[in-house]
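Worksheet: one structure, shown below.
Which chain is which? They are A, B, C and D, in the order written, and residues in each are numbered from 1.
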Amino acid sequence: MTSLSYAAPTSVDDAVKLLAGSAGLAKVLSGGTDLLVQMRSGRLKPELIVDTKKIPGIIGIREENGAFIIGAGTPGAVVEAHAGLNAAWPGLVEALDLIGSTQVQGRCSLAGNLCNASPAADSVPALFAAGATAIIVGSKGRREVPVEQIPTGPGRTSLAKDEFILEFKLPVRPARSSDAYLRFIPRTEMDIAVVGCGISVTLDANGVCTAARVSLGAVAPTVLLVQEAADVLIGHTLDADTLAKLDAVAQAACKPITDKRGTIEYRTKIAGVLARRVAAIAFDRANGIKNGKAH
Amino acid sequence: MPTVVLSSGSAVQQFTAGQTEFEVEATTFRRLILELERRFPGLGKQVEESMAIAIDGEIFQDAYSAELKPGSEIYLIPKIGGG
Amino acid sequence: MNYIDSSLKVVGTRPIRPDGVDKVTGRAVFAADTRASGMLWGKVLRSPHAHARIVSIDTTKAAALKGVFAVVSGVDFPEIASEEAFVGEGPMNFRDLSLNCMARDKVLYEGHALAAVAASTQAIADEALALIEVTYEVLPHVIDVEDAMAPGAPVLHADMFTSGVSPKPEKPSNIAKVVTFKKGDVEAGFKEADVIVEGSYTTQPVHQAYIEPHACLASYAPDGQVQIHTSTQGHFMVRAYTAKLLGISMSNIRVNPAEIGGGFGGKTLVYLEPVAVTLSRKSGRSVKMQMTREDVFRASGPTSGAAMTVKIGAKKDGTIVAAQQVLKFQAGAFPGSPIGPGCMCGFAMYDLPNVDVVGYDVVSNRPKVAAYRAPGAPITSFAVESLMDELAIKLGIDALTLREMNAAKNGTKTHYGPVHQNIGFTAVLDAVKSHPHWKSPLKEGHGRGLATGFWFNIGGESSAQVHVNEDGTVTAATGSPDIGGSRASIGMMVAEVLGVPATAVRTIVADTASIGFTFLTGGSRVTFATGMAATQAAEKVVEDLKRRAAQTWDIPVEAVEWKDGMAYPAGSNAGAFEPLDLAALALKAGRTGGPILAEVSVNAQGAGPGFGAHICDVSVDKETGHVKIERYTAIQDVGKAIHPSYVEGQIQGGAAQGIGWALSEEYIYNTKGQMENAGFLDYRVPVASDMPMIEAVLVEVPNPRHPFGARGVGEVPIIPPMAAIANAIRSATGLRMPDLPMSPPKIRAALDAAG
Amino acid sequence: MAKTYVSATINGESAEFLCETQQTLLDVLRDVIGLTGSKEGCGSGDCGACSVIVDDRLVCSCLMLGVEAEGKSITTIEGIANGDTLHPIQQKFLEYAALQCGFCTPGLIVATKALLDENPNPTETEARYWLAGNLCRCTGYDKVIRAVMDVAADMRGETVA
């Protein structure tokens, strides 16, 4: 029987060496909320688990030159309790908050959610919309890449075998900017998104959108960044015409499948619905109108 | 004599050649079963093992001693369990 | 004795249940919490195919693995003759049950057990399973009930010929039986009707989804004595089935009921126990087995899904003159869907002159169904109560009024024969009418639905003992596993009879060797039937205590009266004696005849039927199709609530399960006949944030056949929710949703289709 | 198979154990240490019956490896009561009949403890969302939520009608 080893390195170098040196499948463990389920079901049979949580900096949130940096393994519950992030990136925070239960929140991380590479991951559309970058470490050193370059297909990422994400960097927020995330699920909690949508916008003093990023989850093999949808928003307030166009381009961007969680037709329609609703929340927030959580 | 009505057409009508209502000489549930078996071989056993009876409106499961009156109306119905 | 009109001190109050502290502290021992010396772990190899012939099973490699102590497959189980009996919930064919526990020639559904191993660790057991080499010949499969009935469908059982039709069919089919119920002349009835409504409906199989997976610990000793600790609704049922399936005498099997983590009907048959005993016999060690959640979904029984048509004819004034129903129930891989009760319950709420119901019991390549709360009734009632709503709309009569006009009353003869007696349906409908929820105006955008339900409730065989301990405290023992607080209700009835506080009585569940036979916990029978036995046992104890007091005082027993837990001289003529309480009498038990105890076994008849009506308000997100339950009221005739909190709890829990059935629960199969959502992630039971508070309204129309007037309460509340919600959705959107679950994609599609 | 030595604090007492990498914290609690109050309902983090508190965070013990417990402080259902005095949450669950079969109850009580530690004054909606990861099939959640709201008020020193 293959035996499974465990290591909890305390430095990036040690972790990279362990990953590089493993003969069989090596998996990075941060929160483990996906990894342990996949191991139990037999879908994954790693030989080595590298628990990265003891690496300095991988858990925690800091500000650097006005930009937030979130440690890759920071549990959802820690992110949600951070006042600064809640003010600047409410959409990202609520997206992370929607992953699983309170119990899962105690463990799940942005890096795990991104590297599990599910197209339905809740925090990923919000990360894409935010324009976040990931600081990746590996035996070839350190690189910073836009998050949308990381997932390449269901369960697949662009990370090399000996690479892992150390932290995420969020861009500096201009005035009158905000974001929002909504996902549709059949129940009110505990489901995987049928469709998810994250939108980040910056407005001018008249409420006209000057910058936007729109992302859709669970409507294609990977989370999508929908430039056409951003283009519909930029240069406009959120009037009825803009909303209608947003709905249409969001639907047009969908390339979903029919599976146990939703059909092609349904997912496509809901993508349009969510895009409108999320845009409304993001615009309100950017205009300084308070919104509650998107439960 | 008590009258027996086969309300459930399922496994029981095969024993009575399609007859659904007939009179039986019996004064208790137990005697009814014995009489049914005598007249329609197999039916008594079927009733015994998987059916309940309603005597004048009330359901009895398993009670041999349940009394039948001369004008009693007896329905044979599926035995009832629950969840 | 009958206490219905007595003033009661304990019954009707809300004491803390006797097993409560164990359950809030983690002390309670469930089946998976048990261990035994030298224990092995047993695991089951399950079919990945929906339908296949087993060409060969080679267990050589698995058996050779270090740490493996036994490997078994179909050849290790005795061949069982086809024989039907009523041991669990409904007729069961022992051969089918044996084949369900361990496949022989064919596997009939994905998850069907075909081999098992016992090993020193779970990891080794898993590894051994992977080493078992099975060659399958995959056969065409069929999942859907109507597909399974169609000519040319893959036939599961070559020896199954439809019963209930004549002449006997020449070819085998998947239709196990046809059931018919007729009253009056339905054709003539429809001719009289001014208005006729018709509808077709489908429901999906839903799982009981108890949170505790099946688990057991079995030990087969060299002298042939077997001990089983298991999670079950009936330990006597486990003993009977295990004995029958393995050819062991009952006296050699002792089954200890562990605490049971939910059942709802799903733990009324055996899956693991015969396998664990066989592994133990072969290995010579104790064997513990527990299902994974995926196993529970794939291999244990949900209730039936169904396809149904209903037709109702009425006069313009709302009087129903004819009703007709065709029900096709999925039984899973072996016959035994709840088609009988399905046929009987749909129209049982109404007084109808002409009724015609036909039911089909149909096998397909799904797990064998098991009982689930009021088996059959929720399915059939979803169809009938949805169509009743349509009839009300068509007639322009209020939904409650239509039901009141046609409601079954005392003396109403049902279409399946029995006459309703001492029923409380009218009282339930009166309670609807006067309830603030029903009277409140509908909020903007909300819809309101009403639906009703009927369940027989059952009695049956129960045994109970009441012991007065040496210090005067009381132990009550019964053979009924406690699934939701029955130890509390039993203890309260005993305490009431003895005249002591509820806390003075400890109730326990005795094992199969320690108490007389007791039929399983199901059909809402425990508080009724076991309660009756316990009450009678307590009464015997009281008589005995009076005799002992009389002996102590040297007066005739007629001169002793029992009041508030003490013996008093009855009146001044009897003499002036200080009253004797239980402690005083127990202290002298040795001098008055020895230990104080009574055991009573009954076969309780006269379980009063239960009726309920649910009112539900919903809002519908018209863009996503998401339904939110805004307000929910469940009204039910409970006879007499012994412990009202647990009665309310039954009603609230039943309603919540119905809400899941209505909106989100279903089995999703891929084209290979494999279940795609075998876990709590995608088999969507309601979570706390899905639910509103559920107001449970207890209507008490006493059941004269129970000493305290109790009726069963656990089954009825799962019956009305599906139609209540469908009717509320109809009210909110104008859409009739005939197919369960009424999930967001279906509602959005219906909204789009309606424009 | 090589086992890892782990030292942790469980219910306030130091605990040392050996475990295999693939053993979850739940496996360790139940099968190695013998604390069987935490239950396995699904093994995939969907039912919450195995809820424990690890360094002040509520987690599913089935979604954490036993080896990760090194140096952690863990509270299970067995550590909620203070000796023979029930915690107010436990007492309130009993008074409200907020349990039927009792299998999900340990997880619900641990989760409620974590909720009230973090938010002593939750709204009903907050309580329902916090507890959404704790499936209960028996009660329909009604009495559970009522018990939670009432014990929260009690613990804040308020009296509720």
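FYI, contacts are C-beta pairs under 8 Å (C-beta built on N, C-alpha and C of every residue); 3 or more make two chains touch, one makes a residue touch a chain.
What you see is a predicted model; the values in this text were computed from it and never measured.
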Message: I need the chain pair with the most C-beta contacts, please.
response: C-D
Cα-centroid distance, chain A relative to chain B, in whole angstrom: 67
- prompt: Any idea how many Å lie between the Cα centroids of chain A and chain D?
  reply: 28
Distance between chain centroids, defined by C-alpha means - chain A, chain C (Å): 44
Query: By residue number and range, which residues of chain A touch two or more other chains?
result: 1, 41, 188-190, 295
Message: Show the residues in chain C shared as contacts by 2 or more other chains, in ascending order.
response: 123, 208, 264, 680-681, 686-687, 689
Numbers and ranges of chain D residues touching at least 2 other chains: 1, 20, 22, 43-44, 46, 125, 129, 131-134
Chain-to-chain touches, reported pairwise for every pair that qualifies: A-C, A-D, B-C, C-D
Message: So in the complex, the part of chain D that touches chain C is made up of which residues?
response: 1, 20, 22, 30, 35-44, 46-47, 49, 76-78, 80-81, 86, 90, 93-97, 99-106, 109, 125, 127-129, 131-146
Statement: Note: in the complex, chain C contacts chain B through residues 84-86, 88-91, 163-164, 166, 168, 177-182, 208, 264-266, 268, 340-341, 343-344, 371-375, 413, 415-421, 455-461, 522-525, 603, 605-606, 712, 714-715, 718
Query: Can you list the chain D residues touching chain A in their complex?
result: 1-2, 4, 20-22, 24, 43-46, 48, 51, 54, 57-60, 62-65, 67-68, 70, 111, 114-115, 125, 129-134
Statement: Counting only contacts in the complex, chain C reaches chain D at residues 14, 16-17, 19-30, 32-33, 123, 208-213, 259-264, 290, 292-293, 483-485, 643, 645-646, 648-650, 652-657, 679-681, 685-689, 691, 693-694, 696
Query: In their shared complex, at which residues does chain B touch chain C?
result: 5, 7-11, 13-14, 18, 49-50, 54, 56-63, 66, 73, 75, 77-83
